[in-house]
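What follows is a structure written as structure tokens; I'll ask about it next.
Note that the chains take the letters A, B, C, D, E, F, G, H, I, J, K and L in the order they are written out, and that residue 1 is the start of every chain.
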Amino acid sequence: MKKILVLHGPNLNLLGLREPEFYGHLTLEEINAQLSNLAKDLGAELMIFQSNSEGDLVTLIQEHFDSADAILINPAAYTHTSIAIRDAIAASSRPVVEVHLSNIHKREEFRHHSMTAAVCVGQISGFGLHSYLLGLRAAVEAAED
Amino acid sequence: MKKILVLHGPNLNLLGLREPEFYGHLTLEEINAQLSNLAKDLGAELMIFQSNSEGDLVTLIQEHFDSADAILINPAAYTHTSIAIRDAIAASSRPVVEVHLSNIHKREEFRHHSMTAAVCVGQISGFGLHSYLLGLRAAVEAAED
Amino acid sequence: MKKILVLHGPNLNLLGLREPEFYGHLTLEEINAQLSNLAKDLGAELMIFQSNSEGDLVTLIQEHFDSADAILINPAAYTHTSIAIRDAIAASSRPVVEVHLSNIHKREEFRHHSMTAAVCVGQISGFGLHSYLLGLRAAVEAAED
Amino acid sequence: MKKILVLHGPNLNLLGLREPEFYGHLTLEEINAQLSNLAKDLGAELMIFQSNSEGDLVTLIQEHFDSADAILINPAAYTHTSIAIRDAIAASSRPVVEVHLSNIHKREEFRHHSMTAAVCVGQISGFGLHSYLLGLRAAVEAAED
Amino acid sequence: MKKILVLHGPNLNLLGLREPEFYGHLTLEEINAQLSNLAKDLGAELMIFQSNSEGDLVTLIQEHFDSADAILINPAAYTHTSIAIRDAIAASSRPVVEVHLSNIHKREEFRHHSMTAAVCVGQISGFGLHSYLLGLRAAVEAAED
Amino acid sequence: MKKILVLHGPNLNLLGLREPEFYGHLTLEEINAQLSNLAKDLGAELMIFQSNSEGDLVTLIQEHFDSADAILINPAAYTHTSIAIRDAIAASSRPVVEVHLSNIHKREEFRHHSMTAAVCVGQISGFGLHSYLLGLRAAVEAAED
Amino acid sequence: MKKILVLHGPNLNLLGLREPEFYGHLTLEEINAQLSNLAKDLGAELMIFQSNSEGDLVTLIQEHFDSADAILINPAAYTHTSIAIRDAIAASSRPVVEVHLSNIHKREEFRHHSMTAAVCVGQISGFGLHSYLLGLRAAVEAAED
Amino acid sequence: MKKILVLHGPNLNLLGLREPEFYGHLTLEEINAQLSNLAKDLGAELMIFQSNSEGDLVTLIQEHFDSADAILINPAAYTHTSIAIRDAIAASSRPVVEVHLSNIHKREEFRHHSMTAAVCVGQISGFGLHSYLLGLRAAVEAAED
Amino acid sequence: MKKILVLHGPNLNLLGLREPEFYGHLTLEEINAQLSNLAKDLGAELMIFQSNSEGDLVTLIQEHFDSADAILINPAAYTHTSIAIRDAIAASSRPVVEVHLSNIHKREEFRHHSMTAAVCVGQISGFGLHSYLLGLRAAVEAAED
Amino acid sequence: MKKILVLHGPNLNLLGLREPEFYGHLTLEEINAQLSNLAKDLGAELMIFQSNSEGDLVTLIQEHFDSADAILINPAAYTHTSIAIRDAIAASSRPVVEVHLSNIHKREEFRHHSMTAAVCVGQISGFGLHSYLLGLRAAVEAAED
Amino acid sequence: MKKILVLHGPNLNLLGLREPEFYGHLTLEEINAQLSNLAKDLGAELMIFQSNSEGDLVTLIQEHFDSADAILINPAAYTHTSIAIRDAIAASSRPVVEVHLSNIHKREEFRHHSMTAAVCVGQISGFGLHSYLLGLRAAVEAAED
Amino acid sequence: MKKILVLHGPNLNLLGLREPEFYGHLTLEEINAQLSNLAKDLGAELMIFQSNSEGDLVTLIQEHFDSADAILINPAAYTHTSIAIRDAIAASSRPVVEVHLSNIHKREEFRHHSMTAAVCVGQISGFGLHSYLLGLRAAVEAAED
């Protein structure tokens, strides 16, 4: 049974409560519930965290270097600036899948570049909840390779 | 039962036969077989085409405006330059999912920008065969919305 | 009686069916009918083609080097990137009039530059069907000079 | 019978008398005569004004909001600087057609940008007298839409 | 009893009739009525003019050098380019208050800079009708200083 | 007997009444009287106009293409922005002398560049009334060449 | 006996008929005749195609992966923009020789960069007809290696 | 009777003898004669000096602080570099008029900037001999103010 | 019988012995033998030299100004820096063909620029031994023109 | 008893008489008197000169190479441009102290750089009269070293 | 017998006395003696001047326009800044040879540019006394051409 | 009797035979004859070499460290790139004189900088044959110091 670390970045705890035009109407809780259901189907176990702190996300990645078989991360606002999270991902020997609820290329210019994508296996963006579900499938597949 | 148009762009007919370091060892035929199996599971029907011609891809998109519920496309080399395919996608009222076998941001500079992604629902890149399979799931979901 | 080659570029066969906010409600067939009516009035004869293929457009220009007295062209998406169409126009000794249904300066940045305009007599943009009709008049006038 | 407001901007009263290398040999009177002849053919009625004054051009546009079915304007020198004319055009619910005798992109750098084109229906440039005649047709057509 | 010159620049006569998304639904007449009511409350007398002509606005400022105790002006489109209005304001020994209905910094780039603000007492922008009402209060206060 | 067109731009009617630190204490009337006296001495005839309107200045230049042997102009605020006045001067075949009461290089940055000087014979600035008187002499001399 | 695929890109069918200052006076037919004569001498068999279509050129390269021992290509206008032809060349395990009649570095800036040269065996430019003849020899030699 | 110090800078003693394409055909002697005639008419007395020395020009300015009512100076080559002459002019309470025979903005880049103009009353350039004669009038007038 | 000077630049004497991945396995001797055989076939006579010295290459070019009908040169490392060889080629009135064994555009950045190509007839690169053989043909053809 | 050469540059003879806002109200004579009093206290003897001529200042420095033990100089306007004074100072084997009454960095941009300071012992600026007095102390100290 | 004007710029009177590391040990007197001896040998007559004053150097050049057949000048410090000396040289129709005792390219950055060299025949620098002697020979040769 | 090494760099053996617009009509032989005649007069003995080889020029400088009393060199094309010749000159304890026939600052940009001048005694440029003759005198003088 593969263990997948699921990391939600800053402000994602507001999902479903704020700006549904960008992120849809599901709450983070509901997303996590759907991820958990899918994980059960895929025979995977999830460890889910949300943090608004760049440093905490770095630490969470580090603390699961051994215990997680793959990482599913939505770095949110830190996607575009965090060299610390990039370094943590690069230091991990686990496959990391980056997901975004909205299509980052359709938003403000400053959201177009990802600092973290280059050290991930791949990136999925624009499918709302399904970015997460597809990303979980990708992460489980990667963990099994 | 949702009908999904699957379009493979230029040179993808060579998959599995050429340059496996970029595209993996599966042939396009095998990819199509796996897509068909997954489609059966998802209760979808596939219409699959490959073309090396920008104009033909434009025409194929146009010819399925009514018959397809969603489009799954890997525009390959035309991803980076084709305004004509972009215009055809934009003219379609169907959801379009863009997929890439390899992570386009890890390759030559001229492959980093996508001319077509901005008019698609979303983009999935870097997961090899799974980019297609995840993309098919995303397309079926989008078709059902 | 002047002979005018009328060339419609990629996706223009969709006219009237898709994105009327950009291109109006007339179909290409109706535009052609109106062009033919006008041609009759102007004592001109039309040779009309639409193609989604850059290469076909190049070939059509070439094949009418002798038979056409002027060319009316809407290169559509190829306006902005095609060196091949530019070369074909430059190789022609006939006057070429470039038309656009929508105002290209009101749209995306990448549609502002025309690769072909520099080798044409002039440019008409933004009048929908009438860009064509006016362009036909301009082409007939140019053919008569 | 459609009523078309024809506005000639500053210094255009000099046409045919001064600097023919830029504007051709026809006088404004001759252009107006040809416009009137064409209007008769088109079943349109012209209201023709030339003004060297930015404010008068603004007022002329406003005063014909109801009486004119469309506007044909060559803003000449004000093309490049007049926000007031731009605002008047934008406030008008009538279609406005911008014309230029010469190709403005072939002259001094400060004449390359049009402040007004973005709020017009379309622009015709480079055809000399025919820019006006084609523009009148475009205006009449637009008035009839 | 203080006398206040109220000047409305080009196209403001169209207020309430055109483009309410920028300027609200009140007509200039209604704005003037509200200004007059407020003036009565403030013990001030208004002299109200609107002109589309840069030169006329210059002249109106000049003609009220003695009769007005303060000036309330919305230079509209001329705000951004008119050195002549700037010079007329600078030549006045009366306090001048510049107002704008909409927030000029939220609109097109070319509306961000004000040529006239530097020689006014102050600027109020973005409050619709209230820009005028607040401006009138500011003008009356300044007139009393 | 040479005929000289004398043109005073916007706000120059305020001369002697406002901002004497920039323009001196003489009124425009007095300047004109002095110009007339000098003209009599020089055997020249003056045609004098002041306007706050850019368009009127353009028209005045045009109306005197034949009747004036030379033009003496102080474009004031329009010096720095008017393409229309520049075009009118360029269209004239008469010598044009540009004068400024104050030294434009001692004032705000935006007054340092002249849009019109490049099409004039020469420029005199900084001598108050005498810029005009000297300019008249220069204009008469130029008219006689 | 080696089989060589000879591909002429867009507009090369015009050789000898148009713009001899760039391409010389020989027709494509004459070039092909000379290539055929040379092929006979070299004991090679030619398969010659000209196409104005990018997609057809891609397909022609693919269709001759097995039947052609080497490819001689003048991509003409597509040299500078076609990623699809580049990908087809890269996917081929056959040696590809790129030729240009004129020296591409002596023409417009946008013709200086070759998108395809980096994946070819080599490039020959500047020798007119002889660029082709030498290129054929290079291709035959490469086929024999 | 006003006393005017006339200062000719370096190399102006060569006028009429050398490089007439820049300075005209009149000699400095002839210019001085014309200046003297004009001075007589104006009821002024001239003190004329030419010097090639920056220091002498500074001293000449200082020595005439009391005896000269105004200064007419053509600083020639020192226009562009002399802070010492600038300081002497600034220290003078007499009006100083800067003149140039040719238009300094039409010559080498290093002659475009004037170090001295900012501390003069005004500048006259481009009228040849008349720059001096007009400058003398300006100086006499300034002396009388 | 045409005489061709063949010049091999620095380190080319190592051919076949070192870095075969760049230059192939043939020795310079073998290349020369093949060149000689081809020359015989072409009815040409070769004068072959190799030198590691920039100066010797210059001298060899000079010494054959009269005796050689054309020059075939691989300047090797000197391609990118030698002004002396460039000067010698420019001083020659004979056609010069530049060849490279490897494709210089696939190698280090500093090998992309050629100091000598601009004064040669044309350039052939990337075909190993055949760059020479093809170059010899090009040189013989050029000698015969 | 040390002998100090005191040099005042161009226009300093005007001190106290002109522009007190820059240089204070003391005359050069008064400054010299105060310098002489201080010199007496310090046991030094002064040789004081003022000149407006760059060349004379050079000569004065040269003439006191032997008789002066140190030099106190205010090069005034020549500070910023004179390589000749710099060379004279450098040629001296005596310590040279540069002083300025005003702070040169607070004045016009062109007064910020000193050409002479680099070859002086040190620079004192901004203390009015005290710049001189402190400079004299510094010069005497330096002379004694 | 050719007459040569020899001009020594500022500080050159110090030669042999100061900074021998730059200028050698000979005094200017000795240099002049040697120049005179050489002149005698060359059948030339010298007119020798030294001045620390820019203006004097200008005057000396002017005064010998007719009497000197060539000029030998070491402008020293004025080399780098004097537009006045440049203008005097340019106005001369005689050949002018610029010499420098030291190699100006080995010294401070601000000595690398010569304002005067562009209007001289040639330049000799770095040979101490011999720069002069060689320069005299060059001047005599130039005078004889 | 001083021994002078005379070194002519690459391509100088072509003097008088090729490109006289750059180098004049004298042959190197004639220059050498003139140098020899002058050497006889100067009581010097010349050792003259021309080489196209950078290495030979280095070696020639080295081999004459003891036997030559001075060196006269025209490094020609190597002037701009040769660090080896610069190092050889720097290693020599003999004076080295650099000469150029033409003014190197008037030719292509890449010929403006001298790599060798900074380690020579001095440089003479622009006097044609006389650059050499003057350089020989400089070298003999330097040898005698």
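We take it that a contact is a pair of C-beta atoms (placed from the backbone, for glycine too) under 8 Å apart; a residue touches a chain by one contact, two chains touch by 3 or more.
Please read these numbers as outputs of a predicted model, since none were measured by experiment.
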Touching chain H and also chain L, the following chains: K
Each chain counted as touching chain C and chain K at once: none
Equivalent-chain rotation between chain H and chain C, CA atoms, steps of 5 degrees: 140
Mean-CA-position distance for chain E and chain D (Å): 31
Centroid spacing, where centroids are CA-atom means, of chain A and chain D in whole angstrom: 57
Whole-Å gap separating chain A and chain K, where each centre is the average of the chain's CA atoms: 78
Whole-Å gap separating chain C and chain F, where each centre is the average of the chain's CA atoms: 50
Overlap residues in chain J, where contacts from two or more other chains coincide: 53-56, 81
Chains touching one another, given as label pairs in label order: A-B, B-C, B-G, C-D, C-G, D-E, D-F, E-F, F-H, G-I, H-J, H-K, I-L, J-K, K-L
Chain E-facing residues of chain D, complex: 53-56, 58-59, 62, 81-84, 86-88, 90-93, 115
Contact set on chain F toward chain E in their complex: 9-11, 13-14, 17-19, 51-56, 76-78, 80-81, 110-111
Residue ranges of chain K touching chain L (in the complex, touch as defined): 103, 105-106, 121-127, 130-131, 133-134, 137-138, 141
